[in-house]
Structures are given as structure tokens and as C-alpha cells.
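Take this structure first; my questions come after.
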Amino acid sequence: MKFLVSREVQPENSVVRVGDVAFGEGGFVVMAGPCSVESEDQLMACASVIADCGGQLLRGGAFKPRTSPYEFQGLGEAGLKLLALARERFGLGIVTEVMTEGDVDLVAAYADMMQVGARNMQNFALLKALGRCGKPVLLKRGPSATLKEWMMAAEYVLSNGNPDVVLCERGIRSFDSHTRNVCDIAAVPAMKEMTHLPVILDPSHATGRRSLVAPLSRAAAAIGADGLLVECHPDPDRALSDGTQSLTLDQFRDLMMSLPCRMLKA
Amino acid sequence: MKFLVSREVQPENSVVRVGDVAFGEGGFVVMAGPCSVESEDQLMACASVIADCGGQLLRGGAFKPRTSPYEFQGLGEAGLKLLALARERFGLGIVTEVMTEGDVDLVAAYADMMQVGARNMQNFALLKALGRCGKPVLLKRGPSATLKEWMMAAEYVLSNGNPDVVLCERGIRSFDSHTRNVCDIAAVPAMKEMTHLPVILDPSHATGRRSLVAPLSRAAAAIGADGLLVECHPDPDRALSDGTQSLTLDQFRDLMMSLPCRMLKA
Amino acid sequence: MKFLVSREVQPENSVVRVGDVAFGEGGFVVMAGPCSVESEDQLMACASVIADCGGQLLRGGAFKPRTSPYEFQGLGEAGLKLLALARERFGLGIVTEVMTEGDVDLVAAYADMMQVGARNMQNFALLKALGRCGKPVLLKRGPSATLKEWMMAAEYVLSNGNPDVVLCERGIRSFDSHTRNVCDIAAVPAMKEMTHLPVILDPSHATGRRSLVAPLSRAAAAIGADGLLVECHPDPDRALSDGTQSLTLDQFRDLMMSLPCRMLKA
Amino acid sequence: MKFLVSREVQPENSVVRVGDVAFGEGGFVVMAGPCSVESEDQLMACASVIADCGGQLLRGGAFKPRTSPYEFQGLGEAGLKLLALARERFGLGIVTEVMTEGDVDLVAAYADMMQVGARNMQNFALLKALGRCGKPVLLKRGPSATLKEWMMAAEYVLSNGNPDVVLCERGIRSFDSHTRNVCDIAAVPAMKEMTHLPVILDPSHATGRRSLVAPLSRAAAAIGADGLLVECHPDPDRALSDGTQSLTLDQFRDLMMSLPCRMLKA
């Protein structure tokens, strides 16, 4: 069987465009922003620094998958509106998560790129709906998904009509709790051998620890990833979700300065 | 925080009823049937033997989550109709999987118990919809879910209005491929310490190997599980899914005879 | 390649004898005792109850592998002498760990059965020395060893001249810290398909939690294990090692009474 | 408890010297060579290229830990003599594995640095003997060792009198067989936060695949590792061990040219 995602079917790299940002052309795309959209002030503070430092896309969650039903579930459509406002002000395309097929049309009305979270990597109804949504998709690897399963999840999107999928390694479940997950960084070149789709890395979820985010980001650039998805927040200690892994805005600025300069030109 | 699923909130065991079958009253409920509903002949052959041997519920998939989009995806509503026909003929309640919130009403119109598959354990939109569906829920553990995450997935159902949840251990991802998954059998008593909900075991997915299903079923009974979810098929080598882990109908009969007799009286 | 441990080379079960105790003849051998030998009083208290309840062998560590160099390392030869004294008084054969080839002769001078700890499963110098030691060997599975690797570790002992190896599943490393390890109970029948050697289970290390030891022991009996290695202590809260997983002597007595009676007759 | 390996006891980086090669001073030390020493021709071919390309130390196994007792076990002392000959000819210090305390004196008579393999990370008798051996130690992480356990293994060496330990991440066991192990690259900065000891990476064992070795090596440099341990062979397809993960000598040369040039100056 030949799969649409495979190098056998398409030997050359796919280029996935989000507005004028291109994944897979040799550049290194930095997507950054808060885990959750919490308020206009919080989001605009992030977007301003990201745009200023050369970040290319703004990420932020409006619909949040949370382990407990009593944790903050996101602002919903109000969060999407804030993201759209940030786009207007700072010229950054926006990436945000869609959790269920029923929300695909709503999220697609605002987002430039539709994110599938790790828990939903095999939510097949969602993947099929995204195949028909007309927007590029950012597909995170499930926490215990094999590379084969991850490729097949992308195949659900492609085979339903949407060729624009970017893959994101974000750490896998392992026995050691020193980091939130274990970053399977070798999956980046391993996937790129098998598939023509761009592959990026999320150093924030991969480690869960702020101090490890910048070193891992530099490793991602060195290993040939097509970009980063990184969390930052104006006041991480008061974040409503994922504070321990969010960079401060100053740390984000430092990270951007420490990336090899060729990385930021795409 | 006190959770609805916890022993702090409810010290005594919950009893979950599916028709006149009770989980959590001390008995051992055997749910059996094919992985996928494939045809009337196949399903009736299973149902006839299951009813004859003292099995209490019939399982069978009409909507199948499959790693690849090109694998058999189930018969859909036609499969549900066959399950309803088997119920009529053999008096067995039916358990079947629902994969997405959009199908909840359709599946609930046929099923006696709504199954959530392992990949969907944290499909929160689905869990919320099942909280309002009026039918008992069988919630499988995700392949890399912690016990805490599994409990919180159940909490999504209970907190949305449905107290009738049965938990099902079905093996977790591990490093050794000798079995499809590793059966975390100690999770059965460990969960029963923390939650009042019934806990059963799926020896078919836990091992992926026919020869290990019967020994593991006896271990499940011995460790205090409230029941089994087990796959059988009239001709496993020709099954459209999961053939290697399905018992033949003769093997299923032998398994039922080998369970401690007190087990089957509930 | 045909391996000495395989069913191809020897289809029938091996019977391993430790004095008049036999593993692999259909009985269920209970080996019990403290994690570490701490004092004469402690050891004799254990041995007295074990002998009284029908336990067949006494376990206790004189040389203790410990994660930190500053933790209690065992009494050494003084511990071995106490074990020998307990054997004399209560008629129980003794099982104790040997950590390095340099200690094989010393330990063999006292022990009836030589235990290889999980961390040493692939200490090949030790395995080779045990092949020539003239005593039966209890070989624990490494915390991340595949079944194939475990079999090959046993092959090192057999190929060096010693056919008397009993295998012990003791839990593997996994992502969930709810138990110390995850008990891969299906490894018991899976190994018995591939090898003729007896296979037992250690419910104490497999779970690390006292309350789970008895249920898991009953599951081990039900799944066809050839015996148990279980920790007990007269005062677990003051044990120098592994207190949280040690049964009290009363709990050990209760466990023995709860095992199926056919189990204790071998 | 304050541990000798911890940053609390020693805030500044340790520098470990092997002849005139220094780990932990900011440079990037490349140790390379064949998995097993097989013949004079093979070893000299490797050493010649390594010396020529700026590699600083020569690795090669004379005592090989192998899963099966029937696999090639290494040339033993003859292999050590060949390593010494290569040192003489090419001026490269040599790193080689010692598998058991009984061989420590023999190996120390030839080696410049004593390697502890992953399977032996918690071979405490070996670690204690290495504490007294007078040579620097290269301590690989066990395949399922936590960072805490790894640090404590090093503590066994330091507390027995030897401060010269270099740590080596070499991949951990995980559920996905796409690579031999999963490289926990974030362990490099995570360990360096906790301990003052140098930390290097072994991209060959971490992936098991030749094509992934160079990208992962560049990632190791970018993340702040103190060096590499990498396998190369003049004819990998005929190697007696680990051929699939060994670079050809041309690939090794290319790798060296692709590392950031500041890396090779230490």
C-alpha cells in the first residue's frame, strides 16, 4: 500500500503555507504564545513581543483539553475573537486547537492553522472533518503513538482532501518523571525519512520545564526540524494552565536571539 | 477537591445495571462477541454460543477506530441493526462503541451500554455527551493513561449527569512487543481502592494473543475484577479485525467452563 | 538456533528442586521473608510464621543492591549465618541474593537457592559463575528486559552447566507511578509457552504496595505461576528496606489462607 | 542528604581529564571507534581516520556484553593489546568497557578511560571497584534508569574515591521500535542542572540507525553536551556487532566536518 503521506508517493518535501509563512522550504518557523488565551492584555503582550522578535505565528488555546472537568476549559469563542484581534494588530497568523468535529467550522472561521492536540491524534471523526476544512493542520503526536500511527493519523487528513499537514513532536510518555514527557527528538529526522510533510517540535510540552525549553529549541534547529511551537506568557506563575513550562517574554526574546540566524530567514 | 468518582464521596461500591445484568454487586459479568460486526451469520453464531454458555452481554463494533483510513471501518448503522436483532433473538444486552459525539444519539438508540474506546478516553466532547445520553458507559483506559487521568475521564461523565460508568483495563503501551499491550492487572484493585465504580478487564486487547486470553481471564476473576470484555469469532483467521486475539467459539466455551462457578451467578 | 531454555529443545516442563521443594510439578511454591535480614529476632519471627502457614522456602537479603551508596547495604555474611540458623530451627530452605561473581562461593556455602536481582539480570559474569555454582538459581526479570532477553539471561546459566533455573516476574518500568512497577502478569503464561523453566511471581516488588500483594498473589495462582516470592516483616513500618510493600505477619497468614488449597500441596 | 555529585556540594563544573583531553571545560570531545575490536586492520583503519579528522579518543570493545551467550563476546585481552597499539600509533587515548569487578585491574592496565555499559549501571560491585581504580570512568545510563538512579550510580564511584566520572546518555527503552532506543536528549541539560559532572551523548546506541547518527550528533552539540561517543567501522555491513548503527569512515569524516567548528577546539 502506498500512502499519500509517504516519500514513495511524493519524494520531494511538501511546503505548507500559512499566509506568507512557509513550512518545509528550509526555514525555521517559530510559533509562540500562551497555552491558554486568558485576556486581551495577556494575549497582546505576548503577540507584541513575538512579532517584534521575529516569531511568525501566534499560538493560543481557546478550547482547552484538561485532565479534570473542573480545570479551566478555555474562553471558547471569546478566545478566538481575541486571537483574531491580535492578528489584526500584529500581523501574525494564528494557530489554535480544535477539540471536536462539531467545532471545526467555528474554529476555521477564525484560525489560520488548525491544531490537533496530542490526546486527539486518533480522533478519527475530527481528522476526517479537518480533511475537508480548507485550512492547514498542525497534528501533534499522541503521547504513546508510534511513528507509524502518527503517519496514519496524517493520512486520514490527506485522504479526506487536505494536503496541508505539519507534524509536531511534543514528547512521549516514559518512566521518568524528571520531565513531563520524554522528547523523542530523533523522531524528527526519522519521520522526515518516511514522509514529505514538515515536522516541528514543541519543547514546552516535551519537557514541562522552562529551563529546558531554550536548549531543546536549539537542538531542534540543529537536528533539522522545520520549526517550533513554544509557550510564553507575560507572567507564567499566574498562568491558568502550563505555567511551569512557559517562558517569560524576556526568556522568549533571549531564545530567539540564540537561534542560529540562518534559521529565521525563511 | 472531592471527586464524584472517589471513595471519599461514596464509600460503598456503585452498582451499574444494564437491563438485569449488574456490575459491582459481587458477580462477574462476561461480555463477549466479535471485534467487528461483519455479517448476520457471524454475529448470530457468536450470540448463540455466548447466550448458551452464560455470557451476559454481547459486544460488537459497528463503528471501528482503525489506525489506517484504508482498513475496514465497520458496518455503521447496519451493524447496530444486526446487534439489535441479536438482542431480540438471544436476550443479550448489547455493548458497542461510539467514536464521536455526533454519533451518540444514533448509537444510544440501539445500544444498552455505550463503549468508549481506549483512543477516545480523553475525547472530552464525547465524554460530556455521554454524560447526558441516558445509557450506562463502558470506559476503556487509554494506552498510556495514568490511573488519575482515567478517573478524571470518568469524572467528565459523572459530572455531566451520568453515574453509570464501568471502567475497563485493556493493557498499556510498553517496551516489549511480545504482547500487543501489557496488562496492568494490579490496576484493578488499585482503582477499586480509589473509586467506587466497577472495574473489568479486557484480556483480548491486553495481550493480542489468543492463547493468553483464558489464563488472563482467570487471573482477572481471582484479582477481584467485576467482569470481562472478551473477543470471540466463529472463524478468527478470517476476521476483518483483531483475528489473532479472538477466541474461537469452542475456546470461548472452554473459557466459560474454566471460570470459578461462583463467578457466573451474579 | 535452538536454545537450551526453549520448548523446542525440551518440550516437557523442567522440575527444579530445592531440597524437597519442587518447582514445576504443578504445585505452587511460596517463598517468603523479609527484604533484608536485619536481626535474629526479626528473621526468626518471620520464619516461624512462614513455616507454620505452609510456606516452603525462606527468603531474606544479606547483600542488598541499593540505589544510593548511603542506604543500608545488608548484614553480609552475618546475615547469611542468620539465614542458616533459621533453616536449622524451622526446616525451611533459604533463598538469598548474590550480587557479584566474587561472592558466589560465599553465598553458595549458605544458600539453598541463589537469587539474581532484577538489576543484575544481564550481569553476564555473575550468570556464568552461577552456571558453575552447583545450586539452583532464581532469576528475576530486569525492569526493562524483554522476554527474549530474559530467556537469554537464563541461557547463560544453562549453557554454563546449570539446568536449575526458576524465572521470576517482578514488574517492569512504566509511565504510571501508582505502583512501583507494572506487573506484566501475562508474561507468566507467555514465558511458559516458550520455555520449559518454572516461572513464579513477586507481587511485592511488582506493586510496591502492601494492599495489592494478596490480590495479585491470587491472580498469580490463577494464571498458572509456579509460585510466589513475597515479602513479610514483623514490623514493616520499621523495616530497613521496602517496608511499604512488606506484609505484616498476620497479613501473610491471611494470604496463605486465601490461596486455593490445591495450591499448597505440591 | 548532600551528594558528592550534586551542584549543592560543588556548584562549578567538574573537568575530567583523559590525558590532555578535557571534558567539561566548554569543548566538545568526540570519542569514536568500532563497537567491537575485531582485528588489527579494522582498528587501525578506524583510528587513522579518527585521528585525522580531529577525534580525540578511540573507543572499542574488548569485553562485549551480549544478549545471547552464543554471540561474539569480544577478543578479551588481545583486544586490549590492539587498542594499546592504536594509541601508540595514532596518539589517541583509549576508552573501553569493563564488565565485572574481576576485570578492573586488567582493563585499567590498558585503558585511559573505563567504560561502564548501560546494563551495568547498577552493578554496584563494579562501581565500587572503579571508585578505587585510578582511571576516569565513562558511566552510561541504564536503559530504564531514572536521572536520580543514574546520579546515584555515579555517587557510588565518587564516594569510593574517584571524582572523575563522565556521564553518557545512550537512549532509553520505550514503546516504539522505530529506533533501537529513544534518545532522552533533554536529560543532558536536566542532568547538568543537578550535577557538576560532564554529560555526553551516544547517538549510535540511542538510535540504532546509521542515518540518524549525524543529525543527532549535531543536536547534542547544540543542546550543550560535552561530547559524543560514536561508532564507526570500515565495513559496517560485516561488523561482528552493531553494524546497522555504525557509520562508515567516510560518514564519520562528514559528521566531523558538519559539527560547528567551535566544537572541536577544546
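Should a chain be cited, it is by its letter among A, B, C and D, assigned in written order, with residues numbered from 1 in that chain.
We adopt the following convention: a residue touches a chain if its C-beta (ideal position, glycine included) is under 8 Å from a C-beta of that chain, and two chains touch if they have at least 3 such contacts.
What you are looking at is a predicted structure, and each value in this text was computed from that prediction instead of being measured.
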- Item | Proportion of interface numbers common to chain B and chain C (over half same, under half different) | same
- Note on the structure: The pair out of B-D and C-D sharing more C-beta contacts is C-D
- Item | Reference chain C; chain at largest CA-centroid distance | A
- Query: What is the distance, in whole Å, between the centres of chain C and chain D, each centre taken as the mean of its C-alpha atoms?
  - Reply: 34
- From the C-alpha centre of chain B to that of chain D, how far is it in Å? 48
- Message: On a C-alpha centroid basis, what's the spacing between chain B and chain C, in Å?
- Response: 35
- chain C: positions in contact with at least two other chains: 144, 148, 173-175, 177
- In the complex, go through chain C and note every residue touching chain A. 173-175, 177
- Task: Please give the residue numbers of chain B that touch chain A in the complex, ascending.
- Result: 1, 65-70, 99-103, 119-120, 122-126, 143-144, 148-149, 152, 155-156, 159-160, 173
- Where on chain B is chain C touching in the complex? 144, 146-148, 172, 174-179, 182-190, 193, 206-207, 209, 211-212, 215-216, 218-224
